[in-house]
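Shared between the two complexes below is chain A, which pairs with chain B and chain C, respectively.
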Partner chain A sequence: MSHTLEITDLKVHFPGRHGAPVRAVDGVSLHVAAGETLGLVGESGCGKTTVANATVGLQAPTAGSVRVQGTELAGASRSVLRDVRARAQMVFQNPVTSLNPRMTIGAAVGEPLLVRGRAAGRALRDQVAALLEEVGLRAEHAGRYPHQFSGGQRQRIVIARALALRPALLVCDEPVSALDVSVRAQILNLLVDLQARHAMSTLFVSHDLAVVRHVCDRVAVMYLGRIAEIAPRDAIFAAPRHPYTRALLAAVPEPDPAVQRAKPRLPLAGEIPSPANPPAGCRFHTRCPIVVDQCRHEVPPLRRVGDSDVACHLA
Partner chain B sequence: MTPAALTVAALSLDLGPTRLVDGIGFSVAPGEVMALVGESGCGKSVTAQAIMRLLPDAIRQTGGQVRLGEEDLTALPERAMQAIRGRRLSMIFQEPQAALDPLDTIGAQIAEALRQPLSRVRAEVRRMLEDVGISDPERRIDQHPFELSGGMCQRVMIATALIARPAVLIADEPTTALDVTIQAQILDLLRRLAIERRTAVVLITHDMGVVADIADRVCVMYAGRIAEAGPVAEIFAAPMHPYTALLLASIPRLSDVPKSPLAVIAGQVPAPGEYGPGCRFANRCPRAEPRCATTTPPLLAAGQGREIACFAPLADRRAP
Partner chain C sequence: MTRRISPGMWLILALLAGFVVAALGADAFATHDPLRQSLLLRLRPPGTLQAGRSFLLGTDDLGRDLLARILYGARASLLVAALSVSVSLVVGTTLGLLAGWFRGWTAVLIMRFVDTMLSIPAILLAVLTVAVLGPGFLKLVMVLGLTRWPRYTRVAYAQTLQVATLPYIRAAEMAGCSAPRLLLRHILPNIAGPLMVVATSEFGLMILFEAGLSFLGLGIQPPYPSWGSIMSAGRAYVARAWWLTVFPGACLFVLVLCVNVFGDWLRDRVDPRSRGRG
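For the complex of A and B:
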């Protein structure tokens, strides 16, 4: 059986200002099985958002393959992309800029159904009402405008619109990062709830490891355009194999002073290198605490260690 | 007890007829990190601006005092305040790149905090850059902000803020724009500098993880008031205000059960101007009593250095 999402050796390169292309994504392979939630984590510039954009056809791959339910997106025609976008829907970070301020939220949520001819008139109104209720809003909200809602409510509206076509794959790019702490919990509960109810596949992009652990079944860690480690949630949090995963986990400040202050510090030296001029060999070698000579020359392939796939010579 | 480096007493800030900050007070000792934590709109950033006397024109201080050591800053003329900012009282901001002058070298900007040309204080500036963990300071000193990463720019801002050895540093979301591995470096740096230089730090943040990491004490703000204040260890172990408790329970942790429901706070923060006469959390509070909606609970001492503003706290720690 094919996976809901299958990405193979994806490369996305952007033209650089000074000649060398920016290799934002440089050979990423991953899949999301039916009903599964895959977390994609990493720091700014690691390429996680570019992978998400390529998944819904918002970014054409430079090379490699992106398949949604078996349909290839790389080099696909407009009509194929249009068809795939009905099956793969995206939720962005900022709900304020994701909604047209001059459109009622009923019109915004119903638009995907209307433009694809799935519903109109009374049937459309009923479906919009059901979608709003599904995300915890009320049917009578349909006539209101985005500015009449709080940030958390607006993210609910965006989620309702993404669900309208009953997609097989939901791509969430930092869906709670712009929200206040108390509102974040409401949206996370809603996402977990929707996953359980619809058995939807989800690609969940986030920089927040605690959030990813809370909603995901498996986790992929990206560094500088490549996958460092992919593993089931419990494996990656209990026994991270890649030194970058370990450093990332150690850096998460836990909201518990006793735990946080007892935690061993694994400070990473230096900064993330430029994706226009990535280091040779393992891309993490310039900051790696356990680097050996091999890492400077040889690219570590992803290989199976325990339950994890790790790109490290020393794992 | 050492005298406080900074004391804020009964501070009130108004935007037209709307009271944004309603009589808050706290103090910070030398070498202590005091976190001001709360969600957007709770008044934590305007409080910082009021301490610096850098409020936007539309917001007025209508009551209270800000004291630096023994000196009341509220009454000082702007000229005297200018001599204090950057020397005895410094501030760092969330967006380091936006806070630095793009046209000036970082060395010159750090020297400016000493009111000296770089040529005269170059050795001192270089030592400060080393102290905040900038590698190769001799080269960096002559570079411009665009040549530095976000994390390095934040180190430069910290160097600028601390080179004159101020008694108090206000850090407004200093790591919010940074990646976690860089955030960890900057938090370690702030804590080390607070201890070594005896700087009193007011850390403004929305992130309970950051508070747990480096703060000694915390003031939890809600809708322009302090809900609860006290030592970080005690408040995290046993929050007394229902807002603090719910806020802590709503954060996903590396230790909780994945996909289990997180605690939620019903409704949303009321907008300034829509506050009722009583406790501002009353309409969202699961423990609210009738009087909570009509009477403002005062902030009272609750033992162990704690203070709480609640008629129905979770565990009543007040002495019998």
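For the complex of A and C:
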């Protein structure tokens, strides 16, 4: 019960252009325990960002439940959402557009504290300075504007702002995918350090399995609005159970060419189907290499296989 | 961010500064009382020296010094334009921000009102209003200000729709900002550039409207000078005293030209995409 984040049967449907609603998220259940990092991976368009937005109340659920430290977000009032956002903060994908260009970074980092009456004046300045130093910037940077910083530095600023309220849950939506490869590792290490130091729970959304492997305790794989598989990191990378997970892992390039050549290749045929008109039965059956007749009719529930929870009839 | 300012632009900026200084310092520059009449000194040509007094730009049909009247007229023009632009900027921007933020029915109501306002010729509405309410400085400002806000609303609405989707607005929501703070602290500063461009081009129009209404006798009332009313009075003497229409007309032309060139220049600086185009 005492999970930091508990999502139960979450559905988020958007009005479609031609009548049928787009089922961006269609029955997702997951949890993030205290101090744990859960990776949420999948192709673009699979609904992972929508799940992230619903977690912090930026997207109202169509159905289902989202609880942060026991507080229900579905149908919550404005003031409840505001309180929840003090405990669940977000790091956005693109650090260029997630900072107000007309605001100094000191004002941006201090804003959550200021508008919630947590600090003002000298105390606020001191806290902002401490936050900037915590993410590897200098206190005297506070008076500068976002355009005076590099992408990596801006993401540090965004992280400092998210940390200002000492949230119990940090939602990172592709926090490094807009950054140069050379600074990705620095930002990831910073996130891992901060997460350990503050014992935060983290929901880490990414399409990059190498990144997820580096930072996550458990990994959830999403496909077309549903969870395909959730498992501890070592289980999912050593023994993927769902054919979609296997295909994703097979697509990760290996640094060693010899290993790369020896790797089994499982290219997926076809395109990801439209979430406005998802396939019946298992959503993956149109592209699954091991599809059987049952998959076309019966929706596979998540069930426990070894250490993993897998939504596949054949696992 | 410093870009070089061309010599031509320096000239425009200097002229604009000159008009502002002349208007603010009219008391110091005018060697005569603009209201003091002298029937003995009627319609003197520019450069007249008489009775120990010099009239650089000549005198009008009541013997008043034209230079002094033009200086005080500049003050009236700039003051009316500045105040009415401020009124319409505040009203238009507020409505545009609200429409762009709340969208839905609020936006439909506000934007249909904007369309309605834009379909009424502003000068006609101003003439009607003054005709009904009577002339007066404050009424002139309010009439101009309250008829010319829809352009700001359109720009503010479009810009707000665009900015409101940016992640830093989501981030400000996450921070716990109230709606007024979101609008004033996060959205307004980021849509201010295009609004200032509109305000500048409106400023030129307001100067023309003021002159036009005063010319028709609906603006600044005699005996107080305005370029429009000076020209209106001078119209009767255009054959005998050309200076009464030419000097205020030239001032009006140069001032509005400077304001418009300044507006184009500002637009290029605010929106780099339009730079280098005709």
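Just so it is clear, the second predicted complex is superposed on the first by the 314 of 315 C-alpha atoms of A that agree within 3 Å, B and C clash if a C-alpha of one lies under 4 Å from a C-alpha of the other, contacts with A are read in each partner's own complex, and residues count from 1 in each chain.
Throughout what follows, a residue touches a chain if its C-beta (ideal position, glycine included) is under 8 Å from a C-beta of that chain, and two chains touch if they have at least 3 such contacts.
The structure presented is a predicted model; accordingly, all values stated were derived computationally and were not measured.
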Fit or clash between chain C and chain B when superposed on chain A: fit
Which superposed partner A:299 touches (first chain B, second chain C, both, neither): neither
Included angle at chain A between vectors to chain C and chain B, based on C-alpha centres and rounded to the nearest 10 degrees: 80
Contacts of A:252 with chain B and chain C, given as first, second, both or neither: first
Partner chain(s) touched by A:85 [first = chain B, second = chain C, both, neither]: second
Partner chain in contact with A:150 - chain B first, chain C second, else both or neither: first
Contacts of A:186 with chain B and chain C, given as first, second, both or neither: first
Contacts of A:56 with chain B and chain C, given as first, second, both or neither: second
Which of chain B and chain C A:102 touches, first, second, both or neither: second
Most chain A residues touched (candidates chain B, chain C): B
Touching partner for A:120 - first (chain B), second (chain C), both, neither: neither
Minimal inter-chain CA distance - chain C and chain B, angstrom: 14
Chain B-facing residues of chain A, complex: 43-44, 150, 152, 180-186, 188-189, 192, 196, 207, 209-211, 213-216, 233, 237, 247-261, 265, 267-268, 270-272
Chain C-touching residues of chain A, taken from the complex the two chains share: 56, 58, 82, 85-86, 89-90, 92-94, 97-103, 111-112, 115-116, 158, 161-162
Residues of chain B that touch chain A when the two form their complex: 39-40, 135, 149, 151-152, 179-185, 187-188, 206-213, 232-233, 236-237, 246-248, 250-256, 258-259, 261-265, 268-269
Residues on chain C engaged by chain A in the complex (per definition of touch): 166-168, 170-178, 181, 185-186, 189-190
